[in-house]
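In what follows, chain A forms one complex with chain B and a second complex with chain C.
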Partner chain A sequence: MNFHLALQTVPSIINPDINFALIAPELIISVVAVVVMMVDAFTRRADQRWVTGGISLLGLGAAAATVVWLWTGGAGATQSAFNGMVVLDKMRLSFTLIFLLISALTILISMIWIEWERLPAGEFHSLLLFATVGMMLMASGGDLVILFLGLELLSIATYVMAGFRRTDLRSNESSMKYFILGSFSSAFLLYGIALVYGATATDRGVPGTTNIREIAERLDTAVYPQLLFVGAAMLMIGFGFKVATAPFHVWTPDVYEGAPTPVTAFMAAGPKAAGFASFMRVFIFGFPFVATAASTGALAHTAWLNALVVLTILTMTVGNVVALVQSNVKRMLAYSSIAHAGYAMVGFVAAGATPDEAQRNEAIAAVIFYMLTYAVMNLGAFTVVTMIARNNDRRTAIEDYNGIGFEAPTLAFALSLFLLSMVGVPLTGGFMGKIMVFRSALNQGYVVLVVIGVLNTAVSVYYYLRLIVAMFFRERTTLWSAPRLSASIAVALAITIFGVLYLGVFPGQVLDALRTTRPTISQLINR
Partner chain B sequence: MIPLAWYLALSAVLFTIGAAGVLIKRNAIAMFMCIELMLNSVNLTFVAFSSFFRDVSGQLIVFIVMTVAAAEAAVGLGIIIAIFRNRESLDVDDASILKL
Partner chain C sequence: MLENLLTILILLPILGALGTVAYGLLPSRRESHYRWIALLFSLATFALSLLLVNGAGTGDASAGFRFEQNVSWIGEIGARYHLGVDGISLWLVLLTTLIMPIAIVSSWHAVEKRGIAFYAFLLLLEAAMIGVFVALDLLIFYLFFEASLVPMFFLIGIWGGQNRRYAAIKFFIYTALGSLLMLVGIIALYFIYGSFDYTIILAQMREGRTLGGTTEYWLFLAFAIAFLVKTPVFPFHTWLPDAHTEAPTAGSVILAGVLLKMGTYGLLRFNFALFPTASRYFAPLMITLAIIGIIYGALVAMVQPDVKRLVAYSSVSHMGFVVLGLFSFTDQGMQGALYQMLNHGVSTGALFLFVGMIYERRHTRMISDFGGLGHSMPLFSALFVFASLSSIGLPLLNGFVGEFLIMLGMWNSTSVQYPWMATMLAATGVIWAAVYMLWMLQRVVFGPLTHNKNAHLSDLNSRELGLLVPLLVLMVVMGVYPRPFLERARASVETVRARIVAPQGEGGSFTVQAQRELEHLPEKR
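Our next item is the complex of A and B:
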């Protein structure tokens, strides 16, 4: 009798729901990162960067193949595994592909830099791969704890990468600032998770949860709605730091300027995209649109959406206006990256605002497309900046670009293309990206947001064109010889140039792959 | 039994002290310790909720957070040592090559 009673009160053991197929890409990259570290120890110094770089690229390729396999339904109809810790959806897979592309390009860019600076190649490559695993977990986590773990894995690896040139004071300083402010923001994020965990308990004695889907289900039955609001605000601060939205952007310029250029290229593209992946998953799916106006869930939804609108306007404006007065190219691109985060947030707001699933998917696809184009053009621009800066990051002022246009035409024309794409000139990827996010915002009636976005684009023309003018229409005052393009840099440039043009001229295929519902892009232009 | 709200208030106060410390302190090690204080105040929140709900998952999260904090400490101290070797100072106001 007693035994029977005891059985009833003991909670049943939940089946762990292990599914390795769903985390195959993450597993592959983790294993390759460890292998790279081991191989590095047994390779001659002169061969290191090619061996470890080659293994890393192979690993990234294998992971990409697994992602494609998952995309085409390789794992069957499973939507999540490990009791909801990991989810499988198009948003995760497309972000994962972007991260793999960013890592591969960073490896190509960093090859020549590793040689110049005589750095340990294996350490750099394995740190980069661990950072990639972190980014992938940030996209695939269905639970706040996994998102936090992924974010920390990414951040800790990136702190080290920022300080990789450890005899250089700029690199030290960048690394320390990133570390202090990054952990500061992680603490906010974690406090947000704790408060949401407490707030989502229900009055029927069910404990709180950190699972994003369960959070959405329990919004209206939360016992402590105030805690929920504070928790959501803390989460927003934490993610805001990571994607560098306006009041939380102050670390960005210093860190981007001081870090070695290939690392800056990675930091501006990768962690930002990863931050958006988590940010969107938590807020769009964790605090979703609720139809009934007076419920807690609806209040939470309105609150975060309004806050995000303010952040978006600030981010776009601050990024573009402060970029106008910069004299250092890396710093200018840092402020430009803040501005681009703002444009992407326009699409994020649109995705959050709509109750209609098709339109929401469309807006999310627009943000993903924007992050893809930004990654491609940003990495391309930083490839050129790396080549101009040379070892020790010597030439990063705008004056250093004076008159190089006809001495290094490949670099200069490539950089001009990437800058024009960042402005959003038609036939480049940046143009299509902006069209997509602005259009999804217009569909939800955010006219003011779009108008401010377009005005900001007009402002941004000045500082992007200033660099192009410096390259082609100014006289060179100091002696300068054009750098020779190495094979890896040439490949990176070819991929990014092709990417910018392809995404600008034929975006339809990529967009169709990203969203589940049609209207195709040709219909958009005819309309 | 001490009510849940007291624990939450205590951890909120600790978190605020930590956050204020990061903003006010000028020594890198002290700032780092303030960040640890913030993380530990979050741990207190998790444990308080976990015990209140009779749910073990909050305490499991604390283990994860402690592991992450340890990893962060290793990297952070490494960075601080690197900067001290080059500059012989831990005052963050001296770290001003990159303008703010």
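Our next item is the complex of A and C:
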């Protein structure tokens, strides 16, 4: 009967404006993922690694090419398709490029690990590609439903990847924890979506909406504003879990520590960036800044912004302080990834706070730049960690790094560079990233937030340096021989080292490209 | 080429570092060649840096920047690659390029392991230090300021003494914490003035766009803490004895010779010029801290059993003089402070070289392990005494000129209520310096030979003599004929001083008196 009612109230069923060009990158990756699975079945075991890896890389390259094509206006002036389900703007495209880069690097890093562990390469690669599609959908969705779809696709693929080493208990535990807590958070997110849907129904009998743009338009006419607040809070918890903000971070260390190192590398960079893509889109454009102070929209905006400030401070502080006492490198990097989410959120707060469109775009660009630099340095660091850990993730304690500095100078100096970049030492990407987010926050007057961020950076110096100290300033007590660098690892290292230095010394071009990240939604909702 | 000279000066050491690494990749490499490559590049840098002398801040009152380079670096955030050198930075750049070859030669035999990395880090450090002194864009300045930490961190940590890990981490964290707050200050300045460029910000300030009261105080503190830690001024000094003592000889020489000056240079260049009102407001506090540093550093130096630690604490005392001179806001005081920066670099650098030399021979630095070195190493002892006297401030040697000017300036200063008291307290520092240095000399150099091991130590060889001679000659030249140094710096120092003593549009008794003083200046010259 409800269905009947709904039919009556909706004027007419709108023809979905199908536009495949807009989802071309997602389509390509999906198709390649299926192809990889098929090819895997018909390839000799010894060749699987290279063949499926190669196809995946080609697919990622092709998708990147389509993204560039879309970026340069290949799809014309269209800004959304499928009834606003999918949007096309440069915020989405720049995030998509970051995801593609992360996946490509993950493939390169995992090549040697697959060989060590004798794992089914095809399965791994296709799972990775499906996870990538999930991330891309999280960036491209203009509708809460698409975002949820992307998030689930990503999550399920990563649950499996975390437990990919079936015979290893640590991997199993990691996968299980991730699965249980992850589904819990998905439930929060879904419930939040449902509540927002309910709240945005208007009293004229029009049903609610999950479209982000329409949510923003209906905030002030919502019949059940309380539901809106509860729904937004639940959305925040759901995304906060994905991004690993304190206090929703508790899963991160366990999962990161237990998961195979290349998968950890992927999880720390990819889903985090994807989480930010959705998180920012939903809150900055779904619950935007409203000029009139007394309206529901303004209240919602203030509420989430204040909550986000608290989350940001907690995230930075918890991540950095707890990282100080870790003795396992992967666990330490897990807490460091929490801290970095906190720094990026400083930019997010700035983007949410400003009514000015240019400043908002700049703040969003700062967050995207931060995610890019974090992805590069994080994947670089995990490349080295993978190589040092060897098969079965044997050597991941900080003591295992003692005195390897001059035994394996390439790895050790590369890792030092990545760690220094995470500290934010000038001439590295991490420095520019921090400058950008702190800058946009200062521009909005968040002096205290920035000072807390800076003090946290000072705290972080200690634990990053600890690893460098272990590598260079301590003596090796046990016998150890440097691992031989395989070609794929060498390429991954070259890309990440180049990336960190390039983003640190000549960030101009990238920043320039990102500055044009004009989310189209923002233009539509500027009432 | 001359218009790119500063860039070349920064790039040449980097090139040298890359060259060292590239040579290390060759199959036919020889461990002994790294130091030659490094020496070659550092000497070339020194030679090129001499070209600066002709152009920068000569004689006349023009205090502007020479050899300027100004191109867009990151257009997106308005950061520019803006370099330039004036009378203040000129001497500091020259000090850097002079100390570096000496540091390299001093580690000729001392560094046995991992020569590639050692010399590469030294050269990278040189590039960063030159960059600090010539940067005119605040972001570029910060970049070099922070970048200089990393090579030093590795130098202490890998080639340092027993307690090197602790010292290296402490050094890094202390200085990073200080400078990170400066970064916030820099970004805040950017939002107020729309530029990271020092000259543009200054021009806007001169036009009357001054900072408001509290903002200026906060920004002053954000910058000052970074520099006070680096200098180091009394409560922030604890990293220094550790870092100095644990660092290899070359590291200590550079640390004392150049790195510490980055702090006082920053105060002079940025704090004074950008935040004049706050500088005056905080001057009594700074002078108090400086005096505490002078006396405390000297007293602690007196009781050190370790020669190197003694020299390190004497640095705290000497740098206290520099800060004192800077905050006197008088012509003599500030020039004396700049001069004292150079003196301290030369004298203390030399003292660390001497300590390194006896350490190489005996593998100990404890005063009690020595005694009567004059019998076994006459040449060494004579020169060691010479350099110590320069550090104490004996007339006709360089230390005297700087300290005398500083105290003269402080006496006339209007920045505190009882300048004569500050001067007298500071003057006791000179006496303490004589006490701790001479007492140390007495126990190390004079008297009978107390340890058999010391009886057959070889005296200075030609390499050691060669690397000491330039410093010893400078001590005499700077002590006897300081005019060329002071003259080139005068106009630039005066420009900075003019910001503080005559801020536009503000009255008050202080300014009136300062104004009067300014009017008398031409006669003094």
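Worth pointing out:
FYI, the second predicted complex is superposed on the first by the 505 of 527 C-alpha atoms of A that agree within 3 Å, B and C clash if a C-alpha of one lies under 4 Å from a C-alpha of the other, contacts with A are read in each partner's own complex, and residues count from 1 in each chain.
As a convention for this text, a contact is a pair of C-beta atoms (placed from the backbone, for glycine too) under 8 Å apart; a residue touches a chain by one contact, two chains touch by 3 or more.
Remember, it's a predicted structure, so these values are computed and weren't measured experimentally.
Contacts of A:217 after superposition: neither chain B nor chain C is touched. Once the two complexes are overlaid on the shared chain, A:17 sits clear of chain B and of chain C alike. Residue contacts after overlaying the shared chain place A:406 against chain C, while chain B stays out of touching range. Contact with chain B, but none with chain C, is seen for A:183 once the two complexes are overlaid on the shared chain. Residue contacts after overlaying the shared chain place A:172 against chain B, while chain C stays out of touching range. By the document's definition of touching, neither partner reaches A:123: not chain B, not chain C.
By the touch criterion defined above, A:450 lies against chain C but remains apart from chain B after alignment on the C-alpha atoms of chain A.
Of the two partner chains, chain C is the only one touched by A:462; chain B is not.
Judged by the document's definition of touching, no chain A residue lies at the interface with chain B and also at the interface with chain C.
Those residues of chain A whose C-beta lies close enough to touch chain B in the complex are 145, 148-149, 152, 156, 159-160, 163, 166-170, 172-177, 179-180, 183-184, 186-187, 190-191, 193-195, 197-198, 201, 207-208, 210, 250, 253-254, 257-258.
Every residue of chain A that touches chain C in the complex is listed here, in rising order: 405-406, 409, 420, 423, 425-427, 431-432, 435-436, 438-439, 442-443, 447, 450-451, 454-455, 457-458, 461-462, 465-466, 468-469, 472-474, 506-508, 511-512, 515.
Those residues of chain C whose C-beta lies close enough to touch chain A in the complex are 72-77, 114, 117, 139, 142-144, 146-147, 149-150, 153-154, 157-158, 164-165, 168-169, 172-173, 176-177, 180-181, 183-184, 187-188, 190-191. On the side of chain B, the complex with chain A involves touching residues 8, 15, 18-19, 22, 28, 31-32, 35, 38-39, 41-42, 45-46, 49-50, 53-55, 57-58, 61, 64-65, 68, 71-72, 75-76, 78-80, 82-83, 86-87, 92, 95, 97-100.
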